[in-house]
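Have a look at the structure below, then the notes.
In this document, chain identifiers A, B, C and D correspond to the written order of the chains, with residue numbering beginning at 1 in each.
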Amino acid sequence: MSGADGSLPGTAVVLRVRYAETDQMGVGYHGAFLPWLEVARTAWLREHALPYRDLEAAGVHLPVVELSCRYRRPVRYDDELRIEAEARPWGRSGIRFRYRVTRPADGTLTATAETRHATIRRDGSVRRLPAAVRHGLGKTGAG
Amino acid sequence: MSGADGSLPGTAVVLRVRYAETDQMGVGYHGAFLPWLEVARTAWLREHALPYRDLEAAGVHLPVVELSCRYRRPVRYDDELRIEAEARPWGRSGIRFRYRVTRPADGTLTATAETRHATIRRDGSVRRLPAAVRHGLGKTGAG
Amino acid sequence: MSGADGSLPGTAVVLRVRYAETDQMGVGYHGAFLPWLEVARTAWLREHALPYRDLEAAGVHLPVVELSCRYRRPVRYDDELRIEAEARPWGRSGIRFRYRVTRPADGTLTATAETRHATIRRDGSVRRLPAAVRHGLGKTGAG
Amino acid sequence: MSGADGSLPGTAVVLRVRYAETDQMGVGYHGAFLPWLEVARTAWLREHALPYRDLEAAGVHLPVVELSCRYRRPVRYDDELRIEAEARPWGRSGIRFRYRVTRPADGTLTATAETRHATIRRDGSVRRLPAAVRHGLGKTGAG
C-alpha cells in the first residue's frame, strides 16, 4: 500500500528534534522516537476517526502492547523530521500502526517502526474498536 | 538548618545519570534534574509522612506551583548523584521543598533547587495539608 | 516591554501537549514545560540571531544556569499551547529569556518562566556573546 | 539459557517508577521503559565488561539499531521494578540484549524486550566489539 516513493498512505506530521531529545552521542536519543510516533498516531486518529482525547473521554484506551523500531540513520538536533503513519486492524479488536521517519532536507529514511494497540476500557477489560475508528480504518483501504 | 557541611536535614537519595538524561553538550540535560528532585521528594514523603501514592489514593495532590533551580556545575553520564531534600510548610496549606544535588565522588555541589506545592483535591480545589504530612514537617523542626 | 495584552515582544511558537508529557494527575508534567521553553528559545535565536546549531558548531554554548517557573493553570493532553519568548542581555556575557505559556483556545495564562544562560566555549570557559546574538538583542529594544 | 523461573542469567537492576514516567492513563508510559532497559544494559556492561562511559571514552559506541518490546501488564507509579538483562553477540560485530521487566512485589512479568546494537566509532564507521566486551559475552556462556 506504499506509494511509488515508499511513502505511507495515511497521515504525516512534521516536527523538529529538540535539544532535550539529543544525547551525548550528539544524536536524537532512540527513546525520543516513541513520542514522535505518538504525535503521528494522534494526528492519524484526529484525521481519520476522532481525537484520541475524545476516545479516552468516552472510555476507550489504545495502549501500546507491542513495539518494534529499526533505526537506520541518526537524526540531529534541530533536524526537521517527517513522521508518516498508517493504520490497520489488528486481530479482532486491536489496531496496528506502521511508521516511517524521514528527513525531508536530504530524503533520508531514518527509522521505520510499528506499534500494536489493544482496545480496552479504563478498567483494563478488552472491548471492540469504536465504530468511528473502524470506519477510519476502512477509509484507508485497510479493511 | 543546614549542617556544618551545608547538607540538608531530611532525606537523601542516590541515583546515577542515565544516558537518556544527557544532551549533545555531553552533560545532564537541565530538565533531567526535575525528575531527580521528584525522586528525593517522594523519598522524603515516604520517610517523614506517607507514600505519595497513598496520599493520591486518599485524594490529596501536591502539584508543583513554583520551581527554581540554580545549576552550578555540569553533571555527566553515569555520575552518581546525591539528592538531598528537606521540607517546610508554605503559607496556610502548601509545602516547600529545598534540594541540594551533589556528586559524592568529588564533593561537588552541582545544583540547588526549590519547589513549592499547593495542596489540592483531585478536582483542583485547595485543601489543608493532611495531618500525616503536617506531623512529618513538625518532626524536622520546621514548624 | 509587554504589549497591552501582556504578550511578550519577541518570538512565539505553537505546540500541542504530547501524551508522553502528561502524568497520572491527568495534566502536563511540570518538567515537560522545560523542553517547551527550549523550543521557543530555539525559535527566538533562529529568528533574531542565528540557529543554535550554528552557534554550537561555532563553539558557542548557552547552558541554562538559572531557571524559575511559576505554574498557574494545568494544561491537558492535546492542548494547543503558545510559548512566547523574549531575550535580554544578562550581566557581561549572559542572556536571559522570559517566557509566557498560554492556551489560545481559552486565553488562559498557564505558566510564566525565566531562564538565565552563561555564554561558554565547549571547554566550559566563559566568553562574550557572539555579535549576531548581541545584535539580535539590540533589535528587540533590550539593549 | 533462562533459569527454571524464566529469569535471565546476567545482570539485574531494581528501580522505582517515577511520577515523571507515568502518563494520564495512570500507568508507566510505554516510552519510559527504554531508559529502564538502558539502566540494566549499563549495569551489564559494568559488571561483565567495562563501564560504557569508558567504552565511549575509548571511541566505542553501541547505538541501538533495532528495538522490540512487548508490554504484558501495566506498571504503576512507585512500583519497584526489576530489570534483568543478558547479552549475546549479534552478527560479526554487534551485540544483542534481551530484557525481562518484572514487579517483585507480586511476581508479575510486565514486559520483555530486545535491543540490537552496532559497534561503531565516533565517526559512525563499523568496528569490532572490544576484547573486554567479547570476553564478557563469553563468560555468560553466549559465545
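Definition applied: a residue touches a chain if its C-beta (ideal position, glycine included) is under 8 Å from a C-beta of that chain, and two chains touch if they have at least 3 such contacts.
Values in this document were obtained by computation on a predicted structure and should not be read as measured data.
**Student:** Farthest chain from chain A, going by mean C-alpha coordinates, please.
**Tutor:** The most remote chain is B.
**Student:** Quick check: more C-beta contact pairs in A-B or B-C?
**Tutor:** B-C
**Student:** With centres defined as the mean C-alpha position, give me the chain B-chain C separation in Å.
**Tutor:** 24
**Student:** List the centre-to-centre spacing of chain A and chain B in whole Å, with centres computed as mean CA coordinates.
**Tutor:** One centre to the other, that is 35 Å.
**Student:** Which residues belonging to chain D are in contact with no fewer than two other chains?
**Tutor:** Residues 19-20, 24-25, 27, 31, 34-35, 38, 77 of chain D each touch two or more of the other chains.
**Student:** Using the touch definition up top, name the residues of chain B that touch chain D in the complex.
**Tutor:** Against chain D, chain B makes touches at 16, 18-21, 34-35, 38-39, 42, 51-53, 76-78.
**Student:** Which part of chain A faces chain B closely enough to touch in the complex?
**Tutor:** Against chain B, chain A makes touches at 19-20, 22-27, 29, 31, 77.
**Student:** Flag every residue of chain B that touches chain C in the complex, lowest number first.
**Tutor:** Contact set of chain B toward chain C: 24-25, 27, 30-31, 34-35, 38, 56, 61, 63-72, 74, 124.
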